[in-house]
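Chain nomenclature is as follows: A, B, C, D, E and F, assigned in order of appearance, with residue numbering initiated at 1 for each chain independently.
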Amino acid sequence: MRYYIHQNPLDYDGSQLQSLFTYKNFGLMGDSICVFRGKCRVEQNEMVDMEDVAAKDWIYSEDMLHFIVEHFEMDLEKTIIRQRLLIATIKEELEALGVKSLRRTGDDIYDGDRKLSVSIATLSPVSTLIHCGLNVSNHNTPIPTIGLTDLQVHNIYEFGENVAKRYCDEISSIGLARCKVRGVV
Amino acid sequence: MRYYIHQNPLDYDGSQLQSLFTYKNFGLMGDSICVFRGKCRVEQNEMVDMEDVAAKDWIYSEDMLHFIVEHFEMDLEKTIIRQRLLIATIKEELEALGVKSLRRTGDDIYDGDRKLSVSIATLSPVSTLIHCGLNVSNHNTPIPTIGLTDLQVHNIYEFGENVAKRYCDEISSIGLARCKVRGVV
Amino acid sequence: MRYYIHQNPLDYDGSQLQSLFTYKNFGLMGDSICVFRGKCRVEQNEMVDMEDVAAKDWIYSEDMLHFIVEHFEMDLEKTIIRQRLLIATIKEELEALGVKSLRRTGDDIYDGDRKLSVSIATLSPVSTLIHCGLNVSNHNTPIPTIGLTDLQVHNIYEFGENVAKRYCDEISSIGLARCKVRGVV
Amino acid sequence: MRYYIHQNPLDYDGSQLQSLFTYKNFGLMGDSICVFRGKCRVEQNEMVDMEDVAAKDWIYSEDMLHFIVEHFEMDLEKTIIRQRLLIATIKEELEALGVKSLRRTGDDIYDGDRKLSVSIATLSPVSTLIHCGLNVSNHNTPIPTIGLTDLQVHNIYEFGENVAKRYCDEISSIGLARCKVRGVV
Amino acid sequence: MRYYIHQNPLDYDGSQLQSLFTYKNFGLMGDSICVFRGKCRVEQNEMVDMEDVAAKDWIYSEDMLHFIVEHFEMDLEKTIIRQRLLIATIKEELEALGVKSLRRTGDDIYDGDRKLSVSIATLSPVSTLIHCGLNVSNHNTPIPTIGLTDLQVHNIYEFGENVAKRYCDEISSIGLARCKVRGVV
Amino acid sequence: MRYYIHQNPLDYDGSQLQSLFTYKNFGLMGDSICVFRGKCRVEQNEMVDMEDVAAKDWIYSEDMLHFIVEHFEMDLEKTIIRQRLLIATIKEELEALGVKSLRRTGDDIYDGDRKLSVSIATLSPVSTLIHCGLNVSNHNTPIPTIGLTDLQVHNIYEFGENVAKRYCDEISSIGLARCKVRGVV
């Protein structure tokens, strides 16, 4: 598993959550995590969470740090567990920068009642996919939010790379952990 | 998925990491997490991590809080991802009690260079299994450790129940998250 | 697994056999069986059984009791085995009402040479699905049929609920049966 | 999938529920159902159902018709669904002989409160396995039972072959049903 | 698994690589390999290999022997391994005809630097699929190629049938090989 | 996937076909292929192929080049397909050395009616495993055989490394091939 940091601005409108996005755009083949930064605006017809659609929730942020993860395996539940681990990892990387006030609830990160993140996981015909977006700014969001800059994280791409690198390392170490145990009765 | 808190002392010697342990001992059928407290001493011939066996590592703690998790599914890698999430959850539950100094590295929790936890995941003929032990006391351990009491956690069973309950809730919410998304292209 | 009885008339034209039908229409999340009653008319372009398409078979019934089952697992063969068990269950529930003349052949139920049921199972991008329809009336069907009213079943929704309830119970008991056996050599 | 009828008496003590039993004894390779007749006596240490072990239930019948099914696939839940279908099939084949008084509850068949059958499904290292035994005689059983002879079934092997043949045919038709449908959205 | 030889000319434009192609056109249900002969011209929008799309490669041959394989199982990696074995088999069948100069590289067959074959494997909503095309003629191809006629293979359909028959036999023998071994520790 | 060449003599008696053999002996973690050379003598009680056991076949060779492959995945059929590909690869590597007289039949390689190879694939509790042995010498074998030295292959370890390297490369390229295609309808 490898990562790619895309340093140019790129908005997220939901259509990026498609199979082979990172390969087709950035040439990275295989399991991958891609990091980019831009506005987030997902309309109802691009939403994949039917609960949000039913609630007529919408997602908007002026400036977000985005992660797109692709695993070429078809077990969606397994990728949702990976998604939870990614969210825990993001919180832990923020702790390494001195941010100690965050709380994870499922696939959300909060500071008090202000939300830092949005995330979804789903299936494509050939893979499973995760999107996670972290507010950089908290301006004009439809619900109370907090942004990375409020948390004094200013080197946004560097932070994104730290998360991506640690996620890749952890997926790799999980793969090896599977290969060093004997079975039990 | 359900949990069971066994309030009587019970030592862990590795043989508890076997299929149907919680059902056979406590009558809980199905995916489960069982919590108990006691000494931890695992001899070489009970170890399942061949890396520890090769390194002639051994595991000893006078007093530990133990978790045995069983998932009746045969994908070991998936259960190792769950194990990592369990470890992240334990750390997060300690944060909720005010302990902000911990760091997760894979399936280990550290306070500085002192280790709080041991953990392993493996396969049985009918299920996948996780053991995680948290030092209550840090006396006489073969490596530098920290115990829950050092972290001012004194209601050990209550803490164990909080972890078990949150793990069950998260596994359940993961199961539902899998059932509310449409696929993408 | 849970069931939902929709008491208002609802026709079946094939488009109901889609992922998340029960969640999107009736709010039931997770594995589910949904029961409703209405006309059945499936045109060629909505048919999923390519054998029927090739034979230019068509499906029509003035009044049917419909079951839509969704399992969020991708093994179609497994869901076809569940479909056969659902058909056996429907026949057994009719026996409990005193109807002793029925015969199951694969996914069909017959009384002599008159057909009571239509059924199909298939894959969506996120789940596997079953439709089963039982004639209430036998009027104007393209082949010889028998209806529930001919079998003296007059409380149609109650019968549908009995089937749905028993199917849910059986799926649940199968889940537990998987968790109480040791392996053999 | 093929079947084998072993016409010589053979007792069942639990050790027959092992991988490759039919291949090693009767030369039939691949998914199979094997039929034989003999006493049934399973001691505690051969039992695979831990619920029976916990309840100190024991299994004894002077004369039973036995079925051993082996599927070379590792999904135990799937084989338990097949087991339920096998039990439904046995009941349906008895109906074809005029026996209309039976009732299936999970993997059991009853006539009133008298039990006709015992059954279990489990995993071996290379396959999944089902045992089902039907009382021929109801003498000296530890609980109230009914036997095939009480139901006026006297040609025991022929009945066993009818069940085996129909089970093989159904598994084969399930395999084809999986191969003739298009997916839905 | 069965094969079908279609003796009438049929061009390949990529749209033949779809689920149930062999069943819908030739009535063969289940895992299958279908053989036909005709021009090969795949435009960019029908290509499934995103590497070819990115490289703006295109595929053209005046006359090819085509194989379409369908396995009703959803593990694409497994079908890619089968694809490699099919390519090895094609080379081996050519050796049986005295052609000793060929070399396999992944899913390609070469004679020196001239390419004999094109091949791709992918997923449909209900199955996995392989296309393999062998040049009959080497005229007007966009890259240096060799054709079956250059290799002195003149009975094209007979050669296609030999390959198809051997592939079916090998898949069948693989299925049995899985059913005759005990597990190890 | 990585390979290990063990340059010291090591006999094969069947007990090497166990989980984690390469990790425990040579420290290579994860999917692996290990190459060594030594006598081959497998007694009945170490045989895993029940067909050989039934036929009272036995396996003996004074000097063999051995390959032990381990894939940490539980689909035995998939590993048997890999085994066939390994056998095809061995034959192809011999062709690269000028040996053009060989023929593959399933998992066997022959020169005329003389056998070059033995091979088996099976399951362990945590992985799937392949053994393949190639005769170096053809002395004193129980059936007509041919050895690598008869084929003028004298640098045995170098040949073993070529096979191991190419197998690793092919498994890796299969993994990537799975990650560059879009699905079809």
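In this section, a contact is a pair of C-beta atoms (placed from the backbone, for glycine too) under 8 Å apart; a residue touches a chain by one contact, two chains touch by 3 or more.
Just so it is clear, the model here is predicted, and its values are computed rather than measured.
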Any chain in contact with chain C as well as chain E: A, D
Pair of chains joined by more contacts [C-beta pairs], A-F or E-F: E-F
Relative to chain E, chain with the most remote C-alpha centre: B
Selected pair, out of E-F, B-F or C-D, that shares over half of its residue contact pairs with A-E: B-F
Copies chain C and chain D touch via same or different residues, half shared test: same
Rotational angle, Cα trace of chain B fitted to chain E, multiple of 5°: 180
Far-end chain from chain C, centres as C-alpha averages: F
Computed distance of Cα centres, chain F from chain C, in Å: 49
Inter-chain centre distance, chain B versus chain D - centres from mean C-alpha coordinates, in Å: 39
Chain B and chain C, separation of their C-alpha mean positions in angstrom: 42
Residues of chain A touching at least two other chains: 19-20, 23, 29, 50-51, 74, 76, 122-126, 175, 178, 180-183
Chain contact graph, described as a line, ring, star, complete graph or other shape: other
Which pairs of chains touch, using the document's own definition: A-B, A-C, A-E, A-F, B-C, B-D, B-F, C-D, C-E, D-E, D-F, E-F
Residues of chain C defined as touching chain D within the complex: 17-19, 48-51, 75-78, 80-82, 84-85, 88-89, 92, 95-96, 100, 103-104, 106-107, 120-125, 129, 170, 173-175, 177-178, 180-185
Residue ranges of chain E touching chain A (in the complex, touch as defined): 50-51, 54, 74, 76, 122-123, 125
Chain D-touching residues of chain E, taken from the complex the two chains share: 19-20, 23, 29-31, 72, 124-127, 175-176, 178-183
Chain A-facing residues of chain C, complex: 20, 23-24, 27, 29, 74, 125-126
